[in-house]
Structure formats: C-alpha cells, structure tokens
Amino acid sequence: MGERRKEVLWRLALLAILGFVAWSLRDLRWSVVWEASPFLLRALGVSWLLTIVSVAVGMVAGTVLAAARLYGPPGIRHLAVGYIELIRAVPQIMVIFWVFFSAPKLIGMKLSAWPAGIVALSMIASAYLAEVIRAGLASVPRIQHETAWSSGLGATQTFVHVALPQALRNMLPALIAHFVMMFKITSLVYVIGLIDFFRAIVLVNNREFAPYELYLTMGAVYFVCSWALSLLVRRLDPKYTLQT
Amino acid sequence: MTAAAGTKDEAEPIIRFRSVDKHFGPLHVLKGVDLDVRAGAVVVVCGPSGSGKSTLLRCINGLERAQSGTITVMGRTLDDRVLRSADFRAEIGLVFQRFSLYPHMTVLRNLTFAPRKVRGETRAQAEGRARELLERVGLADKIGAYPGELSGGQQQRAAIVRALLMNPRIMLFDEPTSALDPEMIREVLDVMRDLARSGMTMIVVTHEMGFAREVADLVVFMDQGEIVETAPAASFFSHPATERARKFLDKVLHH
Amino acid sequence: MDWAVLWDYRQVLIDGLGLTVALSAVAIGGSFVLGTTLGCIGSLPGFVARRSVDTYVEAMRNVPVVAKLFFLYFVLGFDAIPAGLIALVSHQSAYIADVVASGFRTVPREQSEAAWSQGLARHEVFVWVLLPQVFRTIMPPLTSQFIEVVKNSSVIMLIGVQEMTFQTQHIEHQTFRGFEAATAVTVLYLVLALAIALAMTGLQRRFFGG
C-alpha cells in the first residue's frame, strides 16, 4: 500500500475515533460552553493579544540581546548571556512573580495585573527570541558579511541591510514555533489574576461547575490554535522541531 | 549474459545471479541480471552513477532483496531463512564508502565486537587476532583511538581489518575510496591488493580503473540496471566490446 | 529589603526545594523512560507505530502543561501529586520522544547495515550500535528537556502542592517579602538547572568520552 493511501486511512481512522468520542459526550451540558462563549472568546482574544504584544516586544529586545551576545564588547556580552540564560533556566511562573513582586521595590508602586503580565511575558519572549535570532544570524554565511564590508558598508549597515534580512528568512520556522510556545505560556498569567482564556475557563467552571465540558473545550481550543500554527512551521521547514 | 571467472571452471560459482530484477518504486534498478563469480575471483563492478552497481553488490548479502530471480551465494539460495542466519551474513565482509566504523567504540572494540558477539570468541582470542592484523596494515598504534581521531584512509583500513576478522569467504567493497582525499586512496588500495593476492573472493564497486586493470580478474560493466559487458580486465580495457563501455571508459580514463 | 526573612522561613524554603527536587526527579525519570520508548517505537519502520507516536507527540505538545494538570486534577479527580507527575511526564515525554526520534535520524544507514552484515541480530544492532550513538548525539537537547521538567514542575503549585514556587507566594502572603523570596527561589532554580547540566556533562564524559 502506498504511503499516501496509508496516510489518508490513518487520518480517517483518527477522525472516526474523534467522532466517536464527540458522539459519546453528546449528552453533556454543552449549553454551558455556548452561553459562556462570548466571555470565553474575549478571554481567548486576551491570550492572543498577550502573545502578540510579548512577541513583538521580544523581537525588538531579542534582536538587541542577540546582537549584544554576538558582537558586543565583553561586559555587554556577558550581561546579555546572563540575562538570556537566567530567564531560560527559571520557571516562567517565577519570572511573572518576580516582576509582580519587584515592581514596588524598583518603581515604587505595585503593578496591576496587565502591565505586570505584559512585562513578564515580554521578558520571557525576548530571552527565547534572542536565541532564535542568534541562530538565524549565525546561519548567515560569513562571506556575506565580508562581501558587504568589502563593498564599503559600515558595521551597522551590514547588520541591518545584509545580515538581518537573511537571518529573518532562515529563522521564520523557529519564530512561529516560539510564537506557539508563547501562546501556551500566556496561560500562566493566571497566577496574577489576568483573565486570559485559561482563567476564563476556570472562572466559568467555578460558577457553573461543568468541568468536563469546560476543560475539554479548553484542551481542544489550545490544541487547535497551537497545532494550526505548528502545521505552518512544518510547511516551512519539515525538519524543524521545537524543544520547549 | 553469463560469464565465468576464476581458475577452476568445473567448480560451482560462489555467487550466482539468475534473472535478478529489482525496483525502487518506479525505478527499475536491476534488469534481468545474470552473474557468476568463482571462488577466489576479484570482480570489479563499474559503470556510471545510478547504474545499479551498489544495488547489485548489496543484493549479495541481502541488504537489498530482489523482487524476482534467484541469488545463490556459497551454495545457498537467498531467502528470509538464510539471511536470518548470523553465520551466513558473517561470512560476507562488507566495507562501505564511509561510516563503516562504529564511532562510539575504540578501534580495538570495533574490531573485536562482532567476533565476540557473533562467533563467541573470548576477549583474548579476538584481541590477539585484531592486534596481529592491525599490525599488518600499519595501524598498530591506533588500537585505542576512536574512529573520529583517524584519517579517512586509516578508517577504511581499519574497516577492512574488521571485516576480515570474521574470517569471511567473500569481501564486498562499495566504493571504498570514493570519499577519500587523493593521497589516502593508495594506502587503502594497497591493502585491497594484498587481499586479492591472498586469494580472497572480492566484489569491488569502484571508479579506480588503475586498480581494476591491475588486480581484477573480471570487470562487470553496468549501465541503467543492466550488465552490459562482462570481460577479463585486460580485454575490457584494451578493446571493450560495446559502444556504451567505450564511451564510459573514454570519460573516466581521459578525465 | 529584608533578607532576614529568608532565614526565618528557611524551613519553608527547604521543604519546597525538597518537594521540587523529588517531583522533578520522578518526572525526569518517567519522561525519560516513556519518551525514549516512544522515540524508539516511532523510529521503527512500521507506519502505524510511527504515526501513533507522531499523534501522541502532537496532542501533548500543543496543550499547555497547566491545561493538562487541571484536567487531571479537577476533571479526572487525581490527587494533586499524581496529577502533577502525570501532567509533567505526559508533557515532557512527547518532547523527549521527538528528540530521540531525531537522534535516530542522525545515525547513518551504514551503521546498522554494517552491524547486521557482521551477523548481529536486529535487536543487538539496536542495543549496541544504534542506541549508544543516539544517546551520544542527544545529550545536549536531553539536558534542556530535563531542565524543562524542573521548570514545569512549578505549575503544580496551582493545585496547592507546596513546592518551591508555592512557597514564594506563601512567604509573600505572610510577610509581603515576595521579592526576597522570589529572588532566593530563582537562585535555587538556577542551581538546579546548573546541577542537571553538570551531571549530564559528567555522564557524557564518562560514557562517550566528551
């Protein structure tokens, strides 16, 4: 049997299993999910908003960090390495707590959940994306730098016009994969009370007590969002695997 | 086309292909191949890339299975049962273009691993024989090294020794010098030449025409999955019988 | 700032550290065994074996650990510690399976062919020739996976397990010294990550000669 035929059969079998599971769950109180759906969708929007903002900030800060790590003078380089490795070695919840608790000491007032969440997630995103960007920059052949340099471009111009565009193209799969990672991490802002999709599910469940319905919905929504994006990654680079 | 090589014509050939066909999906890689190799013969298989040379070689020890036809090796017709036999496989030595040695084992362990596991030799026995053969190919000082610490030529010589330690009756070489830098090709060919003189049955896929001319009893020329020509080395190089072989020789000799 | 609070709450922190270490150790062991097994199965030639593992990996990777944790605890009714361990193991084993499978892809085909040609049986080729090479190449990504387990173990605080991260919040609630506690706990997490990295480097040196 051809590989294609097997793949089609496999997918049909998976669909059949999913269909059977869905059918056997038909008598649950799905109306709870339906009635809460405006609230849940708004919360899902919050999750996506947090993801997009933190990735956007992370891209800018990550580029600076990556450049500092690759090309910076020793002091700056060590600072960049220290920051990147620290953030990546510590649980994301701890980063969120740390931002939340340290704000009064650093800026003299308590941060509310929104700014604290955005700052913490952006800090996380910039450390991870710095490594993505570093790998992307490292993938640009040295000869490209040398050619640009020889043709009279300065260091900054070489970086912005020659290295960065090529790096961006090479790192697109990793970038999308980390976007997925950040989307999953947003669920942790639960701990500081932001109403993202995860907390919204918990809140509705506290009121309605329909754990099966709500938590299955949660799993399905997270899966579909992340999986759809990871298909895009696989399309761009079949060999890419995300490790976090 | 059937051809014989070796000294005693009445003896049963050690390798016999009869109408062997093989497909890789839509690719027809072996087309009705017939071949006889007498024990002790040195056969060089040559031809353009993609001609089916490696596949032919790999069919001999069952790394590739034919879809039709029969292959008889050392008097046994290849099937699942024969290939399951460790002793059968161990009697056919094989050297690849590269990655033959196990990178996580020292040279000594590379050499003694299979004799101990498959043949049940004691450590002392296996190591004694390994030392002796390594000495002969000039690798005595590399006994404790890892393959990654050896040059390409040294790795290939060690791989040949590893195959020989199984006391094989047939040695297969799949482009053993193609991945080597020019200055290392010679040291490997020297070892192979000595082996040929010792009377080992050898099937060698190679582009080294000098080696073929000097050492081979028989040259098998393949193109597009067919054996186009089988001839003693001297006559193959001096007057090839087919136009395709002539063109091929023109290309490889005057390049 | 009042670092003395750390001394006053040392027992709380030590208890949290102990629980984090214990949870992580069990989860690392579990996800390593399960992930390696799945990775090996996924590398078999059979279609169903490979696609089943793929499906497991995709399903587990695309749902956050917290979501799995809450499902196990609030829906399926597991106790807190088992729920946490199952969530961690099911999550990380998917990543480790993927790491192991990609390790198999880096071993050249010649390796298993050479060993089989020398007369080794399929399972001997697997155990003596393929697996050691797979582990040798995957030590670095495996190290990050193990550190990831320690990090992820922090989410178990959300169902009331008093591991290290939980204690940060506990100290904050009791004394409003969350900053000091969070700093101390951050340092402890760093130490754990470093310990894992060092241990793995040691193993690599010991078994694979660096």
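Should a chain be cited, it is by its letter among A, B and C, assigned in written order, with residues numbered from 1 in that chain.
We adopt the following convention: a contact is a pair of C-beta atoms (placed from the backbone, for glycine too) under 8 Å apart; a residue touches a chain by one contact, two chains touch by 3 or more.
Keep in mind the model is a prediction, meaning the values are calculated, not measured.
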Could you draw the chains as nodes, link the ones that touch, and say if you get a line, ring, star, complete or other? line
Have a look at B-C versus A-C and report the one with more C-beta pairs in contact. A-C
Could you work out how far the Cα centre of subunit A sits from that of subunit B, in whole Å? 53
Go ahead and note the Å separation of the Cα centroids belonging to subunit A and subunit C. 20
Taking the mean of the C-alpha atoms as each chain's centre, how many Å separate subunit B from subunit C? 46
Which residues of subunit C touch subunit A in the complex? 1, 47-48, 51, 55, 58-59, 61-64, 66-68, 70-71, 74-75, 95, 98-99, 102, 141, 144-145, 147-148, 150-155, 157-158, 165, 168-169, 172, 178-179, 181-183, 185-186, 189-190, 193-194
Subunit C contact footprint on subunit A (complex, rising order): 3, 6-7, 10, 14, 86, 89-94, 97-98, 100-102, 104-105, 180, 184-185, 187-188, 190-191, 198, 202, 205, 211-212, 215-216, 218-219, 222-223, 226-227, 230, 241-244
So in the complex, which bits of subunit C are touching subunit B? 108, 110-111, 113-121, 124, 128-129, 132-133, 136, 208-209
Touching residues of subunit B toward subunit C in the complex: what are they? 61, 63, 86-87, 89-90, 92-94, 96, 98-100, 102-104, 113-114, 117-119, 146, 162-163, 166
